[in-house]
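You will see two complexes here that share chain A, one where it goes with chain B and one where it goes with chain C.
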Partner chain A sequence: MELRKNYFADVRKDDLHEIGQPRARSDSPGHVTGKTAFFADRNFPGMLHLKMVRSPHHHARIRSIDTSEAEKHPGVVKILTARDVPHNVYTILILIQIGPEDETVLADGKVRWKGEAVVAVLAETERAAQEAAAKVKIDYEVLPAVFDMEEALKPGAPLVNEYHGQNYYLYDSGECRKVRFGDVEAGFAGADYVLEQSYQSSPIEHAPTETTGCVVAPEGNDRFTCYTNTQAMFFTLDNASIILQMPGNKLHFVGGTVGGGFGGKVDVIVEPIAILGAKLTGRPVSFIYSREEEMQISSPRAAEKVVIKDGVMKDGRIVARKVTGYTDAGAYSRHSPYGAQKGAGHYPGPYTIPNVWIDTYCVYTNRTPSSAMRGFGVTIGDFALEVQMDKLARLIGMDPLEFRFINAYRDGDMKAHRQPTEGAALIECMQEASRAANWPVAEKYMTMSSYAKGA
Partner chain B sequence: MAKVPVQFTLNGSEKAEFIESGTTLLNALRDKIGDTSPKGGCHQGTCGACSVIIDGELRLSCLTLAETCNGAAISTTSGLSEGGVLHPLQRAFLDTFATQCGFCTPGMIMAARVLLDHTPNPSREEVVEALSGNICRCTGYEPIIQAVLLAARSNSQNAA
Partner chain C sequence: MAIRRGRGVAAINYPTGMNLGGDPTQALVHSTPTGNFMVTLSSVDLGQGMKQIMAQICAETIGVPTDRVVVDTADTDTGPHCMGTFASRGTHRAGNAVIQAAREARQVMLEVAAEELEVNASDLETDGQGNILVKGAPQRSISVFDVALSAHFKRGRSISGRGMFLIPRSYPEKETGAMKPSTCYAHACTVAEVEVDDETGEVTVLTVKNIFEIGRALNPKMVEQQLVGGSWMGISHALYETTEPYYPNRDHGGTDFNQYLMPGPGDLAETEIIVLERPSADGPYGAKGPGEMCANPQIPAVANAVFDAVGVRIDTLPITPERILRALKAQAPN
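== the complex of A and B ==
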């Protein structure tokens, strides 16, 4: 590895002892010997297996649930429905005051997406749990569903989630997160060219090799040890405490070993119901997603739509940018209101634009609830922005890299959300990229700096 | 449910268990015998995390019924090091940073071991082919390929 020491030499200490040196990973010896204990490697005598009965409909009213046949199935120990869950309606981000609580641990009266958990079956073997789950009879009244974000925002669209009362997340700023900077319409009016483009993405599944799950063991002192592959240990502990109405000191979470997460294991889905099963049966409980559940049930990255309208001058300056972003939360919030908000801050990109208008909507549809995944709220937006940048460069006949040098933010520039730029390094990164990719740009760009204008 | 007896050697030790007919070797090893080094990623033969060696051949333990393994010699990654000394493949996986989350690692090492047993000095293409049934969703394939090539080199140096 080469360290480029000519950049930022005056603000950087060169007493680096670790960077550039290989250091053994502390977890590798366990991995190569098979000794690393993943949650599913815990096995307890008398452990029960939990399987979910899931909604086959995208949107339906539950008229009745009949578990009588399932209860008679050999090996079945306990069957749980909504009424068994002490605090059944929750939302993960309530811990940081982002409400309302909008999601049920087990569906109560209604299902809002295909795959939603309705009934939990606990049995002596995985097979018995699976077979009994198939014997649970649920009478559904199918309701109209909505799968498209713009359709969901139209008046008269089916209401996805009554806890919100409308098909978008209501921010303190209203129906969307808003950024207003300068006068975007005046910017368009004065621009040489205006280009509006629409970009759209589908949900993406993380597909970790280890599926989501947990193993819960009741301890002798009325505490429960939960071995889990959550990526969000304390979020999960605190939400489990709320859902179970159980003080946190009754819950002992053991984790940190995750067989691939990528953001897909930050939701609080398997732990509360498995702990409840262990509490009500007094026995250890294993709840592990099948591969099919991992692919179909676990939260994906949200589908997004990004509409970008830019005003650009022939000399390469972007003078106005208007962005409308839509994040498909699916039926429940999980982390999506936060993701959509991140997009609002991010959409100007690492560019200095004097007139900016941004609206980002977090929209509810009858699709699988989406949540975190690697830079969610930003990654799809970056794809859209950088494709847009290439299109703008082509429009004015300019080299796409030189076009980015002209618009790159530099220290002291005011960003659209009114944070002055500090510690920018985009120009230096692009200078290195120009060399590394053998994509030459004019000398004046190679002598620019993030520190000061006028180069 | 009726139980059937199974008897085989696991990493050189005699093992005997009564299992339900139809139990996979993966579940027998993990739940009955207590060797959790083979991992269950998909239980449908697509991810390779459950790979073990049966009588010298690489096999998916999630698609192998335990009762078909009577009299077999089974090897897993947990039995690879001898006397606390890491096998050259394990050493190479450490030295090339070929593990990330670690879930695919035991299966990768099994696949690599069968390759090196049959082909002590494989080409890069042969390594890629040998690992092609094993998914690393952290997508750290390049260091894994380097690890297998490094282990092959250190084996041939030791032999020389």
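== the complex of A and C ==
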């Protein structure tokens, strides 16, 4: 890595002692010698292991649940179903007033995705819990499922989630988050070329080294200590408090070093049910995802579809951009209404465009619920935007890097969401890229600046 | 049939912190009797090194070496609230909270030192080595060690501070979408070079040159590890990863690292990282959040390079050999 101190030297003081120094990490010796403690290093006498019975169907009504055989399995201590969970229907963003509550801790009457948790088995060993889980008998009536966002949005599509009442998240702005800036249709009408293209992605796994999990110990003072690798301590504690209808002062969450998160550990899935198990049995409980659960059960990055329509002039100016973004939330909200909305704030990308129209939808399907992941709401949008930029440049016969200079935002430029640009640095990144990659551009672009025009 | 070479570029920006704000983080700082400093948080270190960065920020602000600072975090019984470690917010939000707490503690430290040296606190400065000096007369000094002992056992002062950082929540206007998504943005530009085998559809990423503008590299070695890792993740997203390769048929979803396709060491490109620093107005020492954005520009850069190499657009991720071959076949003259 190289630091290029010549850029922005006029707005930066390099007079610091500790900041900017490549100090060795104080925790790295522990990591490389195996001494760092992770949550799963906690082991308590009498600790129970929790395994989930999961839905084999994408969408089904639960006619009956029979746990009698499983209860007789050697080593089984407790079996939990929906009726054991004090506040079974929840949604995590209720803490920032983004409802409605739309998800069950344990399925109640219905499953909405393949892999949904229905019954929790607590046993003396992981093996006993796994074997007993296989003996739980659930009678399902399979329902029609919808897997495609466009299909889900059509009239007459199977309703995925009754708590929403329609297959999209209803924002205060309606069926999507909207940004309206200038007159996009007039922009298209006056453009030399109009290009509309569609981009798609598939769900992606966070692939942390350490799988999601927690270990819960009941304390002598009627409190519960939850050792967890959540990315958000109080967010998880407060949601657990709601789900368990247990005052927050009864809960003590202990984290530490986490073996990679990437957004995969902000969903509050394992902690509430493990604490409930500890409460109802009076014994410590361990609930740790297998690698298979981490990859196929825990929320992935959403599948997305992005449609971009641009009006561009022969001289390289983009005069209008319309973006329609679809985020596949799967069966439940989790963080997806937030992610889709974040996209609306991100488009049309780091470019100054006078006419912009943005709609971002959060769509429900019978897919594995998606949620936060590194670059949430933006990563796939950037793929779409920057491939579109390449296509536009080639359409008008312009160098793709020069084309970006023409449209790059600078300090003071008004963004589509009506905030003036501050602290821009796109131009300088591209100038350095031109040098580093030996990708020459015209001199006038190499002398441009992100600072306000005329400043 | 041939190996064809291409290159592509992408440029991006990325917001720091939770979209629309409203995501507070607090910090507490106090000195021990011998002049070491404890930073107490509930933020989570995801392995990216948050504890180390918070220690350096506290040390810089108080004016002592980093090894005099210990960070105690991720315990809800002791640490004040933090929204969490996500949305590229850890360094920015918690760092600002630590600065505020450390400034308050530093002020008490200087007041105690001023009493010991019989000067005004405003006439004192720290040397960054664990000493407090009279400005212009550095021979008149006292160690932080002695100041802390005095504060604890003689003067009855608590060298401590409270820090809180919150960007007030913005609510999007319903019809226009007028809003304030973020207060500062990191930037990047990536150029990728690839080879595509037009017989097998296989893509080899040869080089990735990443330019990242991150406000301030608080610890250059640590930000390098994050930026390089992010760059690899971008390649992985571009070419390999999906949990549902044949959705809605779930039979082929990967269930372990043998099945879930990611690049191995031999698949990773020669990676170059260049960092620019335009300090942000509200970042701790100007820092922005580089954690997420560093994995984004490689995806479109690789996609554009594939087009440059073989002339087909793959607009669906991941860009698999199968998709490339199908596109080449569709494009071929019959």
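Descriptive notes on the structure:
One rule holds for everything that comes next: the second predicted complex is superposed on the first by the 443 of 455 C-alpha atoms of A that agree within 3 Å, B and C clash if a C-alpha of one lies under 4 Å from a C-alpha of the other, contacts with A are read in each partner's own complex, and residues count from 1 in each chain.
Keep in mind that, in the parts below, a residue touches a chain if its C-beta (ideal position, glycine included) is under 8 Å from a C-beta of that chain, and two chains touch if they have at least 3 such contacts.
Bear in mind that the values here come from a model prediction, so they are computed numbers and not experimental data.
Using the contact criterion defined above for the overlaid structures, shared-chain residue A:Arg177 touches chain C, although it does not reach chain B.
Counting residues of chain A touched by each partner, chain B versus chain C, the larger count belongs to C. When the two complexes are overlaid on their common chain A, residue A:Arg291 makes contact with chain B and with chain C alike.
By the touch criterion stated above, A:Phe235 is placed in contact with chain C alone, chain B being left untouched. By the touch criterion defined above, A:Val258 lies against chain B and chain C together after alignment on the C-alpha atoms of chain A. Shared-chain residue A:Ala40: touches chain B; no touch with chain C. In the overlay built on the shared chain, the residue A:Ala425 is in contact with chain C alone; chain B does not reach it.
In the superposition on chain A, A:Arg374 makes contact with chain C only, not with chain B.
Residues 22, 24-25, 27, 31, 207, 209, 257-262, 291 of chain A are contacted both by chain B in one complex and by chain C in the other. Contacts from chain C toward chain A in the complex involve residues 7-15, 19-20, 22, 42-47, 49, 51-52, 55-57, 59-60, 63, 65-67, 73-77, 79, 81-87, 128, 169, 172, 174-182, 184-185, 187-191, 209, 211-213, 216-224, 227-228, 230, 233, 237-238, 241-245, 247-248, 250, 253-257, 260, 262, 272-281, 285-286, 291-293, 295-297, 299-301, 303-304, 307, 313, 315-318. Residues 30-31, 34-37, 39-44, 46-47, 49, 76-78, 80-81, 86, 89-90, 93-94, 97, 99, 101-106, 109, 135-138 of chain B are the ones touching chain A in the complex.
Chain A makes touch with chain B in their complex at residues 22, 24-25, 27-38, 40-41, 43, 206-211, 257-262, 290-291.
Residue ranges on chain A touching chain C, taken from their complex, read 1-5, 7-8, 11-12, 16-27, 31, 58, 96, 114, 145, 147, 172-174, 177-181, 197-205, 207, 209, 230-235, 237, 251-263, 266, 291-292, 295-296, 300, 303, 338, 341-342, 344-346, 349-350, 358, 367-368, 372, 374-380, 382-387, 389-391, 400-401, 404, 408-409, 416-419, 422-426, 428-430, 432-433, 436-437, 439, 450.
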